[in-house]
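Just below sit the structures, each encoded as structure tokens.
Presented sequentially are two complexes of chain A, the first with chain B as partner and the second with chain C.
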Partner chain A sequence: MNWMRTNLKLLTSYPSALAGLVVILALVIMAVYAMVSMPLSEAINLWRAGEGIWQDTPRNAAPAWLNVFRREKLPVTQVYDTTQMPGSKTVESLGGGLKEIRVVFPVEYAYDGFPQEISVFTTAQFEQARPNLTMYWLTPDGREIPLGNETLRASESFRLSQDTRLSRRLRNQPAEIGLFADPGAPSPTVLKGTYQFVAEGIVFEDAADIDVKLVVYGQLHGLAGTDHRRRDIMVALLWGTPIALAMGFVAAVGATVSTMLIAAVGAWYGGWVDELIQRITEVHLILPILPILIMVGTLYNRSLVVIMGLFVLLSVFSGGIKTYRALFLQIKEAPYIEGARSYSASNMRIVFRYMVPRVLPVLIPQFVTLIPSFVFLEATLAVLGLGDPLLPTWGKVLWEAETNGALFNGHYYWVLAPSVLLLVTGLGFSMLGFTLDRVFNPRLRGL
Partner chain B sequence: MAVSEAPSMQSPSTAGAPAGSAVWRIVRFTLTRFVALFITTVIGVYLTILIANMGGHVDEIRRATIREGLAMYVGMAQEYAHLTPVERRQLVEQLAEVEYKRLGLDQPFIVRSFRYLGNALILNLGRAEQMTSDSGSSQVRNIIMERLAPTLLLTATSFLLLFFVSIFAALALSRRYGSFLDRLSVALAPLSAAPSWFFGIFLILIFAAVLQWLPFGGMVDAPPPPTRLAYFLSLLKHLVLPVGAIVLSSIFIGIYSWRTFFLIYSSEDYVDMARAKGLPSGAIERRYILRPSMPYIVTSFALSLITLWGGSIILERVFNWPGLGRLFYQATQVFDTPIIVGNTIIYAYLLAITVFVLDFVYALVDPRVKVGSEGRSA
Partner chain C sequence: MSDNSVLLRVEDLHTWFELRRFGFFRIGHVRAVDGVNCVLGRGEAVAVVGESGCGKSTLARTILGLYTPTKGRIVFDGKVLDTKDDKAMQAYRAQVGYVQQDPFGALPPFMDVRRILDEPLVINGVKDPKERDARIRQALEDVRLTPVDDFLGKFPHQLSGGQQQRLVIARAIILKPKLIVADEPVSMLDASVRVEILQLLRRLQEAYGISIIYITHDLSTVRFFSERIFVMYGAKIIEQAKTRDLLDNPQHPYTRALLNAIPDPDPDNAHRFREVPGGEPPSLMNPPSGCRFHPRCPAIIRGKCDAQIPPDLELEPAHKVACWLYADNVQRESA
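== the complex of A and B ==
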């Protein structure tokens, strides 16, 4: 305990160790937040969901905080929903079962950029007669643009941006530009002000009703933006944290502890055991680990747990054994081991109670520096398309960005967010590990 | 340690006299290493085959392919046109049995695994299921050989760059211990936690996407330039980013650890002695610091080259570099098992060759091997 306290004090005197600790703490907080705010099953569902769930988010939108640095503000998504805004819908009975439903959404638009898309979603309840809906758009300068007259089914979606008749009416501009453009300006510029979306519906039954949702998709979204399937990248970034940390930690524990134990056993027993372990280590040097992992991932199972387990299994006989072996051979000659022998301690007792504790100072830094390599291994496999089929991870975000040409199309945020997280994690752990190495190995302390 | 005697091994009087026996010792060392490595390679390849066949998956695929081919043949052939579907299926099964026998698929796996091993060792890797080489061959060996050159070019270039730059930078820094650059190298060392492809993505982002100075990927322009010089220049242009990524990913840790290593070595007594004699610092570095630490440097670089082979798989995918790694990736995309297994075996061979070559270099630089006292001790 005492050496731990002194070492801890030493550790905090290194700024890089402090920085590493802060990063790790931040990651742990992020992981806990992810787990508290959203259960894993929900994250998996969200990440695997299609457009049905991700209806109100734009496609490939950059993070919203970019507006802080921009002179020309880009829009964020605005959603107007009659089920959420009860005051926006008025119902007037016309007698004879006929009802007029009038929906008015005041659309405040003060951005400099045009929206990305504009869509209307309707749900209608009726028995037999399908309701009718007329939609139009009122601009701040008093123009009235008809958006269409439709007979509704139970649920409809009108993608106004893909409506060619509407765009012809808007002088061949797509709806998201034509509806918001200043008609006087030579090049499309936004006319700022309060627009009005008006939908007038007629239902023919007493119990019938219409609900309308208008989505003006922005060019920016949330803290991390969205991907090509309208998913909020933040879901994967958040839940990727506990997955990465757990993976790195468990795999690193497995790899270091098993390697050290085997080295200890080999060094203690010597003879053919030692020789065998040495030879296996040499075979291991030649085993192409990553190709084997890829092969297993492709042909059998690409679950992260299986692949990581296999990796730990394959790295048991890694080069680290030689380092530990050299250490154990020194320790073996120490007088206190002889003391233990003289009171006839069992072999296992000597290995576990006398030898292993002595190498912990070497083991701990190695263990800490190993964690990021496992975090990156997950990303590596994901970038090869062998990511876990279910879990949302940082590597999978990167992979999807890569395969959808994010860099080529200028969606830099999509690549940057997961890579910065990966880099910060890697740096945090390895800065701490490096410093631990210097603190625990007195030979390096001065350097 | 024998290291402290190392400088005296250098002097011509001791090395010159028993020249013949020194050569013999190196040859003997090389031969024993070769035999040992060959055995290790055989075991390594055998393990690869075992893993590749885990659960008999590969055989299932092969059986299905055979049956499918036969079903096609029976369905198309005129002489079987009169058969009923049931008879036809029986015929396919019969023919398949014969075919299994011909290919040895009826034998237990243990027997077959040794046959696979033999085939793999002589690089008889079979035929690809879907992919072909650019020249049209579907022999896995031809496909792999075609892709080997770009991988070797990429790996060798970055390895040589990495080796020399990090050693000389480390030497220079160990001379300026505590300077700003020195402290910078210590601070940058943790960056090496990230693998090369990761730096590759950043390099593409900066130099290809934003600045548009260098291409996103590939090996030469399309269409390839006609003249040899233009081809070379185009190759060079495409080589900058992937090599840069590899170098970036390992250079900081390399410089850091060698600088530390050299610092430890330069505090040895015989270095102080050499300084006291008034030798120029260049000579001290070459003879008294670099020379005795050379075996360790070589071993450590052997290990780094081994990680380089693995890392190049993803790097090649990120940069669309037409080498073994991208081949591997493409094969996994279309589930071309013979290529996946063959490629894994090739990687095992590359690793074995790497270890062997570096063992040989090790024998050349380690004076202990030259005098033949203790063969391999690293």
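== the complex of A and C ==
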């Protein structure tokens, strides 16, 4: 429509609208990126999974880009895996089915902070005889520290940081400090340089093999850090975007468009139709929505679709009906409606083609400003513990941060990132919505 | 008038609006049209005059099929109108065009000219887009909105008042109606474009043989426009006659007062007092008994005018008046 086009052109003359559009565009790009890079099922899987999937990430790590602002650089996670690094494993046959497998990982360590944890994961293939593995640690200053001698099962994990015998050998320091500390220094300081992790295994069968993975967990991880279950928070932040946008959009459509249409029908037909709609609305106005949602979430189902569907249903007959009805009652008396009746326009045609277009200038800005309020609603419900049990959303990140004492423990990034995203979403849509309001309803323009 | 030359016959038409308190207690009716009889010939232009609130717009809307009459019937083109039959009503409405008072309000502000003219065609089943386009162009040319292509994409707010009213007329004639009801079509226009619009209506009437019901409270344009005049007062037609006849020789006391009130650009008027009946227009909820004009009438016959409703008396051919003053003359003549 022509007036739409001129209005949109007018829109670009408002810096706030442009800023809002940029924010929304960025969110949309983020959402598209999330959906392209990772299917929803994978995201759900990643978010539900325990330690099995998140083996190589540290627990409660801050974002990696914090190093840019730090003088003392903190480590990021280093992973050494024989399956990924073919040169690190040498196999030597000793005859009679006996094979010696030697694994050497050169660990370059130039950080100022100690790692968070050190773990070794092994997988062994054998039929009867369990292989044997001896591990030791060579420091840059030439010390050799034995890490243990183990008979392997099919898969083993050695949490060196929790190994008390190793800790005793390291002068009662936990492994992540003892292995990297300068022995001459009075207080634990990192000895920078190239360490070597050596694992020597003996297998007793021709087909047998050993694979070793060393993980030196850092204190920082990725763009958003990790949570208490080693999950990369970025997964939830990324996938939270399409979920938030889709939900806000769908709920806003459901709540505003249906409300407007019902108001239009009531105003046009009048009589008992109108009375019925008005009475239902008045009953709805006094229904406490949040307790109802909590009740349904507690007793029935917490899935996002159910909760949001219920919310949209409850907001169909919201106070908006009164506002729209007032507008429609005015429009209904316009001479052009009478003109349309004089050439036999049907009731439905009058409602949809003659009355509804008149309120679009009111509806569109309202619609845009409503979107973030539904995103906030999801976050509110999630923080109240009514978040969807499967989907990674911003609100659930906040809820988990809260229940795990993120701020108490100083994990500010855990709270900050989803909060900022929520704020930015609200800001973007509000800036656009308020500007749309000014463009579509020019009487506000001078204010 | 012979039957074939009659386009519209209105017989004992009543349009009452129910008044309710708290939504369901009936407390009475507004009798906006209360027993109207009239006849309109093919290609004839008739003016309905009367003061505000006398029911002339309600009469127009009842004739347009927008209001359902409470009682009485409308015979259009030889057929009695069945207001309950939606299909027949749609076919009827297609033959009656409507020109409204406020041209800007009468046009949907969000539609362009093409869409405005397209709507009646689409609704009334003109399916072929080429035919619709041709008819839209023809209608715009008929109302002199030319060059047509310049106007097709415009929105009502981009047109001047006169152009808007031309567009409203184009919309009224696009279905090729036999009758146009024009409800004060020029009262909201600039004096400079009034004549143009009336001339346009006149031209269309002559070119297409359309009958026109011209509703107005402005007697100065009536002389120019119509062949006959109906004078309405208190929801009834009290006098009907040929234009010249009525203006030169008004019979009903109300018509005389109305004609007296026409402004006359004569400097002497400043020193002259016009005799205008006092009082107020009658309440249509609770109309006066007998003649509706009797509380204000200077020539009231006590005991008759305030008791009995005057019948339509035919003083001369085509000059009817509803007034007790002439009852004796007519009876003597007919006796």
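A few remarks follow.
Rule of thumb we're sticking to: the second predicted complex is superposed on the first by the 447 of 447 C-alpha atoms of A that agree within 3 Å, B and C clash if a C-alpha of one lies under 4 Å from a C-alpha of the other, contacts with A are read in each partner's own complex, and residues count from 1 in each chain.
The rule we apply is simple: contacts are C-beta pairs under 8 Å (C-beta built on N, C-alpha and C of every residue); 3 or more make two chains touch, one makes a residue touch a chain.
Not measured: the values here are computed from a predicted model.
Placing chain B and chain C on a common chain A by superposition gives a fit, with no clash between them. Shared-chain residue A:L290: touches chain B; no touch with chain C.
Of the two partner chains, neither chain B nor chain C is touched by A:G87. Touch criterion met: A:G339 reaches chain C, while chain B stays clear of it.
Ranking chain B and chain C by residues of chain A touched puts B first. Touch criterion not met for A:G184: it reaches neither chain B nor chain C. In the superposition on chain A, A:G52 makes contact with neither chain B nor chain C. Of the two partner chains, neither chain B nor chain C is touched by A:G96. Shortest separation of chain B and chain C in the overlay equals 13 Å (C-alpha atoms, whole Å).
Contact residues on chain B toward chain A in their complex (touch as defined above): 36-37, 40-41, 43-44, 47-48, 51-52, 54-55, 57-58, 177, 187, 189-195, 197-198, 201-202, 204-205, 208-210, 216, 260, 263-264, 303, 306, 309-311, 313-314, 317-318, 328-329, 332-333, 335, 337, 340-341, 343-344, 347-348, 350-352, 355.
For chain C in complex with chain A, the residues that touch the partner chain are 23, 61, 64-66, 89-90, 93-94, 96-98, 100-102, 105-110, 112, 119-120, 123-124, 153, 155, 168, 171, 175. Chain A meets chain C in the complex at residues 1-3, 275, 334-336, 338-346, 349, 353-354, 357-358. On the side of chain A, the complex with chain B involves touching residues 16, 20, 279, 282-283, 285-292, 294-300, 319, 369, 372-373, 376, 379-380, 383-386, 398, 402, 407-408, 410, 412, 415-416, 419, 422-423, 426-427, 429-431, 433-434, 443-444, 447.
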